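Chain nomenclature is as follows: A, B, C, D and E, assigned in order of appearance, with residue numbering initiated at 1 for each chain independently.
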Amino acid sequence: MFEHILEVKDLGIQFKTAEGFLSAVHGISFNVKRGETVCIVGESGCGKSVSALSLIGLLPNNGEVYKGAIKFQGKDLTKLTSDEIRKLRGNDISMIFQEPMTALNPVFTIGYQLREPLKIHQGLNKARANQVAIDLLRQVGISVPEQRMKQYPHELSGGMRQRVMIAIALACNPKILIADEPTTALDVTIQAQILELLNDLKQRFETSVVMITHDMGVVAEVADRVIVMYSGEIVEQGDVETIFNHPEHPYTQGLLASVPNVDLEQDILEAIPGTMPNLEEQISGCRFHPRCPFATDKCRETKPDIFSIDQHDVRCWLKEAEADGQASRIISN
Amino acid sequence: SSSSEKSSGTSEGSASGAPQELTYAMTSKIVGLSPIMTNDSVSTAAINQIYETLFTKDPKTLEIKPLLAASYDTPDDKTWVIHLKKNIKFTDGTPFDAEAVKYTFDKLRDPKTGAPRASLLAPVASVTVKDKYTVVIKTKEPYGAMLAALAHENAAIVSPTADKKQDLMKKPVGTGPFMLKEWVAGDHLTLVRNPSYWQGKAKLKQVTFKVVPDVNTAISMLQTGQVDFIDGIPSSQWDRVNRLKGIKTMKKAGTAVAYLGFNVRREPMKNLAFRQAVAYAIDRKAYVKQLEGLGIQSNSIIGPKVFGYDKSAEAGGYSYNPKKAKQMLKENGWEGKTIEMLVANTENYMKMGQIVQDQLQKVGLKVKMDTMEWGTFLDVSRKGNFDITFLSWSNSTADGSELLYPNLHSDNIGSSNVTGYNNAKFNKLVEESRASTDQNYRKQKLDEANKLAIKDAPWVIMDHGVVTAAYKDSIKGLTIDPTGLWSLYKVYKE
Amino acid sequence: MVTMIIKRLIQLIFLLIGITFIVFMAMHIAPGDPASIIGGPTATQSDILAIHHRLGLDKPIIIQYLDYLNGILHGDLGFSFQTNRSVAQEIWTRLPNTIDLAIASMIVAIIIGVPAGIISALKQNSWLDFSSTTLSLAGISIPNFWLGALLILVFAVNLQWLPVGGLDTPFWTFKGFKEILLPAITLGTGSAAMIARMSRSSMLEIIRADFVRTARAKGVKEHMVIWVHCLRNALIPVVTVIGLNFGGLLGGTIITEQVFAINGVGRLMVESIASRDFPMVQGGVLLIAFIFVIVNLVVDIVYALIDPRISYQ
Amino acid sequence: MQPQTTETSVSVKVSKNEALTRRLKQFFKYKLAVIGLIVILVQIFLAIFANSVTSYSPTVQDLTHVNLKPGSPGHWLGTDNYGRDMWSRLVFGARLSLMVGFSSVIIGTVIGTLLGLLAGFYKFLDTIIMRISDLMFAFPGILLAMLIIAILGTSLLNVVIAISIWSIPSCARIVRGSVLSLKKQEYITAMRALGASHFRIIFQHILPNGTAPIIVFATMHMGTAILSTSALSFLGLGAEPSTPEWGAMISAGQQYMWQAPHLVIIPGIAIMLVVFAFNVVGDALRDMLDPNMKSR
Amino acid sequence: MGKQVALYQINDVKKHYPIKSGLLKRTKKAVRAVNGITLDIQENETLGVVGESGCGKSTLGRIILGLEPLTEGELIFKGENITHYRSSQLKPLKRQMQMIFQDPYASLDPRQKIGPAIEEGLIIHTSLNAQERKQKVIELMQEVGLQPSHYSRYPHEFSGGQRQRIGIARALALNPSFIVCDEAVSALDVSVQAQVINLLKRLQQDYRLTYLFISHDLGVVKHISDRVLVMYLGNMVELASVKDLYSNPRHPYTNALLSAIPRPTVAKERVKIKLQGEIPSPANPPSGCPFHTRCPLAQSVCSDQKPEWRNIGGDHFAACHFA
């Protein structure tokens, strides 16, 4: 049907705060293909979670999409009525939230919470939903699922809760799964199990995954494409090999250099100097320039356009020359 | 009598047969139904329908006439020979006779019984049965108010058989026109007529006494027909009741008296001048006006409806004259003095208290008002811990000596005489009024005592009471006597 | 939890004994003499002494207390000074009315309070919130007797839909329902207001919780999100308030009982205090305390049912 | 080093000022709260300047002009059943009623909160405090008040004491409930890790986080307290009946409910305004104390 | 490391949490969160602790700081037996021992601004005046990469990573000699993580700090630690110097862990050891070796006999029959 199951165009998100409107995401565009895994990385606070929440229409009360479009199978999600989008949630689009500890309702059993989407979207009766739910728990690696179904969230360990969340998200075989740091609370062996499960889904159901993570190892393992965000903008995106092997944006380069490598001996980790700007801070030119070792006057004055090199979009003036030589310049707004 | 019932049953307007049932709303619960053991007006109202006394007061003239008694003689002034009516039965089937009378009176007098009104027969030395229908009562000294005492509801005759067998508080047995059907304690009491009442069956088949503590609610119930009859309407509601459609009201002068009492054991209340000044300071006319006509202004301690009253007594009091009051206070150096006013926290006393407080302050006294709940008030007032206080006396015998003796005679200081008034001349006059059985002589002595006390002013009379009732206009034959009592015997519904 | 219940019941025994002691002593120390009330203003000194003797008030106070305690341990609450009836029986005839009234008004309070609180939380700072807030505050500031009288005037006297007063049928029958409706509303408004305020405040906290977002992400319908996912969590503090109020209602029925001529324990207590009917007051307080503790125990058990995280050691 | 410090401290100060103005701004966003605040200020103003805003004494009677309806010449709020000016009584009543309300709420809430904190925090105190509060609770309020007043005597002060004592157990229970859950929070463990004393943990961390229900309780209780004086005056346990005090006015006016409804309605509205005002201000306060709500 | 004096000795420490189940909530079993740990922590070293989630790492950290009463065992800090110290006795020690909590948001009082939050320890333990304290706080904030303007903000106004840095600043405020870092950098993105790790290392050098470093991130652990302890189900399974452990893991669980680390490089196919089965419940641990239910090498002896904790050469300890 559509080549891209999800198309995000110039998405802008702002928060209403005591000081007025605060833009957290300033216009990002990306696409997700059917069966593709896209990883979003970037400094904490740069707007990853907020962007993810907007995809499923669950921004906090004070947040809103102020510009742009989110097209899911060609339909603009921002224009749907609340009931229409509700029918998509948990069914076609589902999400795993960043904090697994508080994301489950403390007063309902695991079973109840797992059966719920099955009943709503697939109209299963209780017994049937129960079977499916038990199966799901088994798939995410929870032993004795029959017994777990009757337990309450506080009776499970953090890792188990996270897996229950994953099971809920997968319940209706969504077309697209948004996962916000789904494996942070898990140890590497379980993490590996989950990543494998996601891979499996991708293979079987052509599920697309948008995953947010800090763990570059995970990115390297699962991503088809990577989006690097900085301070509310996408600074670089491309397929995973290119990003890892030929990062073009100075921020991406810094990021990769900071990863502690198990296989190497390092004494000091390389860190990007300085800190991310506040949302309310007005920065002229490139938002990264105060921390960029290569910043030029142009960087300080004018906001960079996006340049396309190979499989690879970069928002940096330094690439202007290369891009001119090679490929198109995508005029940014 | 049975014919009258028939005629009322078929009379016009009630062809559908207005059920001969009546509901009366009362503000507090009935404590018990033994005349010996109770002493509150609500219980008395019910007891009055179940039991009868030897003598009774005529509701209009207040004259005492025989009821269960047939006649009496007084061979000497300490002996009363009472002849009883014959062929009267208690509702348990046992006969009413001299034994029953002796039993009742002995039980009432016996300190072991702990009867609240044992004092009613305190002057009695002995009760003896002369024959089946004759009792002889001997008193310690001459007792002029004997008939009034025997007409008092607490001296109603109970069935000895029943009393030995059961608690009359719960299961009453008397000779009256009604008898107990059902009693849900605290909620309602249902009486049915006594089918073998000696004067003929009552017209009402059934009577319900319902507890409705809130007067507002009782009036609303009267309006909607849940209740047929209420009494003792407070002045604040009088206007509202009168405006209701289909409701009749009744109002007449009563025997109760409300007064301001001085604690004459203390300074400056000891001084007649001070008491006079206070009497001058109080605008009782304005106060009575506040009562919406439910009070009678008077200076006399013995009220117009009480035996012993004489119109001439009115002239002896101290009427409203604030200037004089101010002057007297100033002359005696009492100006600015603080006096403690003890007030029980019921509506009428609080009203008296607030008005008097304001008026005394206007003539230059300071008044500290202590309000307290009735139980505490009784204790504190008896102990004499006050300067001035308010009380009222509902004189259920309507006899002046039953007012003056308990309240102002020095015998009763520490109990019912709260003011501590002690005047030898007054005491003697009251004793004389009690000792004689010659009603004219008694009246004269009471009048003298009354005038003396008015002059001496241990009390300032606030008002003499008015009895009130409101009932559906279909109720006929209801009369209330000045003591506030009524009988449902002749009442019927149209 | 069983141990918790047993422990609480054992504590209850000590609590009740403590209460008998305090009430007994307080009643005897407080001014006012039952005999002078029974005797009334006409009573003479000897009348009063005779009454004292009849009531056993002439014995030393400690002996009186021990006698009383002994009676209680044998299940005997004694006899009323006033009516000479058994205290247990007097209370027993009135208890159903009071409990009916308390339960009915609690139901009214919950039916009004919980939805009002939730709606005003959902529409925080909207006119709906304003009006619900204002109404619940009015509810708590209107004196009961005034509200009761107003309801009587409108619904009983003018419209004649409901009786003015009285209560002699259980409230689940139609007649009983009609009888109890106005009193229950009168008594329930105060608690409804409290419950509304509490529900609002706890709902405001819950609707921001992460698990609510999870429910939405599953595609749960909005009304289910509110009434299933949020409500049960928001109810926990509300249950405390309900428990507290229920205890308060038991003791607070007095004015309502008075206005609507309901023969209940509250009125009995006030009458008994006023007439210094010691055995009655002691028995009544004991009973109210007992019910109160049981209600609180039930509240604690309900907690555990609503919130699986609560456990009792 | 030195210049840097001063600089930062200045910047901190500036942000403090900013925070203040920001807070005021937020406050005014709550229109109801502003109205509530105005109501409270007006009442306090009237209470203070009662003498200047009235032309009659609140206690002097005029039996020739009783129960005048509001709007009567010379008495714009009418007179009561003793011909006392309703406006004067209302205004002078504000003094006493606000005093009664404030003090009993403060006493009740402070002691109740303290007991609740202790009971919630220390397990060994829990049973004792809660059973004692059960005991107080189990007493019908009026009996409790009667006993207190019987022992201490009748006066307005004792009414305040009675009402405060009456409210202690509910407050304690509410506070204890939130302490029980707060003390399990990770940040309390963090405070213990820092070596903070129990006192510090209870008053610096648990208490501020448990304010929301306390505020709801206290503001609601303000009204209950003033109304309780009415129930107590009804039993003759309050101030002298001529004293202008709203609760007493209501209970005295009860008898004239049909004849002169304004005797009840006027003080009733006054109480309602106070309750309303305190509640909406309390709401705003609660929101302001909640850092998560700041941005809303 | 050799013969240094142990800063902190932990002798056979156990922590069992009773669990209640069923409608009547009766105590049935206990979660054996920590089930017999014996450890010497040397001064100025960084001891990494790894293991699956729920294996008792945080619990161990809390026990060490006296935040959790123990079920069994002994704690000896600088030669002083502090096992049964009351909170007043522990107070002076708390100045020397600090903790960075796993969940930074939960460990900050939501109603306390972060400046005062960091300052708190200084108020409790030092006699500095307000001015000095504020100065110190601002220095600390700058050290961990927060701006002075953040001083009067509330925790919810920060992103996860910033909150974690607040927690770090708070722990450092008192210049402790020993810090338990419970997942201290897990919420940080790699670049900030790098900054913080560098800071921790620098402080260690400057002030002879000792760290107990709990983490899931084996890369970070490798980078920062001197020795590493591997835990499984409340038990110790392996302890060795970082080099030894990473290059020569002797316990099958350690082996599986290391092989599962995701490498931040693309397109290198590595063999991962897949563990079968689910982690057993700590309430119901298996008999014998706790790992035998998932161990690829398990034999019958493993389910019968609990393996001994032994030195298998060169201060490399392991608890496996086959190590």
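Note that contacts are C-beta pairs under 8 Å (C-beta built on N, C-alpha and C of every residue); 3 or more make two chains touch, one makes a residue touch a chain.
Bear in mind that the values here come from a model prediction, so they are computed numbers and not experimental data.
Chemist: Counting one step per pair of touching chains, how far is chain E from chain D at the shortest?
Modeler: 1
Chemist: Going by average Cα coordinates, which chain is farthest removed from chain A?
Modeler: The most distant chain relative to chain A turns out to be B.
Chemist: If you tally contacting C-beta pairs, which pair wins, A-C or C-D?
Modeler: C-D
Chemist: Based only on mean CA positions, could you tell me how far chain C sits from chain D in angstrom?
Modeler: Averaging C-alpha atoms per chain gives centres 23 Å apart.
Chemist: How many angstrom lie between the centres of chain B and chain D, each centre taken as the mean Cα position?
Modeler: Chain centroid spacing, chain B to chain D, equals 47 Å.
Chemist: Please report how many Å separate the Cα centroid of chain A from that of chain B, as a whole number.
Modeler: Their C-alpha centroids are separated by 91 Å.
Chemist: With chain centres taken as the means of their Cα atoms, state the distance from chain B to chain C in Å.
Modeler: Whole-Å distance between the two chain centres: 38.
Chemist: Please set out, as single numbers or ranges, the residues of chain D touching at least two other chains.
Modeler: 146, 150, 257, 292, 294
Chemist: Counting only residues that touch at least 2 other chains, which ones in chain B make the list?
Modeler: Counting only residues that touch two or more other chains, chain B contributes 216, 373, 376.
Chemist: Of all residues in chain A, which are in touch with two or more distinct other chains?
Modeler: 61
Chemist: If you look only at chain C, which of its residues touch chain B in the complex?
Modeler: Its residues touching chain B are 30-33, 36-55, 82-85, 90, 93-94, 145, 149, 152-153, 156-157, 160, 163-166, 168, 257-261, 263, 267-268, 271, 273-276.
Chemist: Show which residues of chain B lie in contact with chain C when the two form their complex.
Modeler: 25, 28-29, 31-32, 37, 39-40, 111-119, 122, 167, 169-170, 184-187, 210-214, 216-218, 220-221, 223-224, 226, 373-376, 378-380, 382, 391, 393, 406, 412, 414-416
Chemist: Where on chain C is chain A touching in the complex?
Modeler: 208-211, 213-222, 229, 232-233, 306-309
Chemist: For a test of understanding, state which residues of chain E touch chain D in their complex under the given definition.
Modeler: Interface residues on the chain E side: 62, 65, 67, 87, 90-95, 98-99, 101, 103, 106-112, 115, 120-121, 124-125, 131, 134-135, 138, 148-149, 151-152, 154-157, 167, 170, 174.
Chemist: Under the definition above, what is the set of chain D residues touching chain B in their complex?
Modeler: 59-61, 63-64, 66, 81-82, 146, 150, 154, 235-237, 240-242, 252, 255-259
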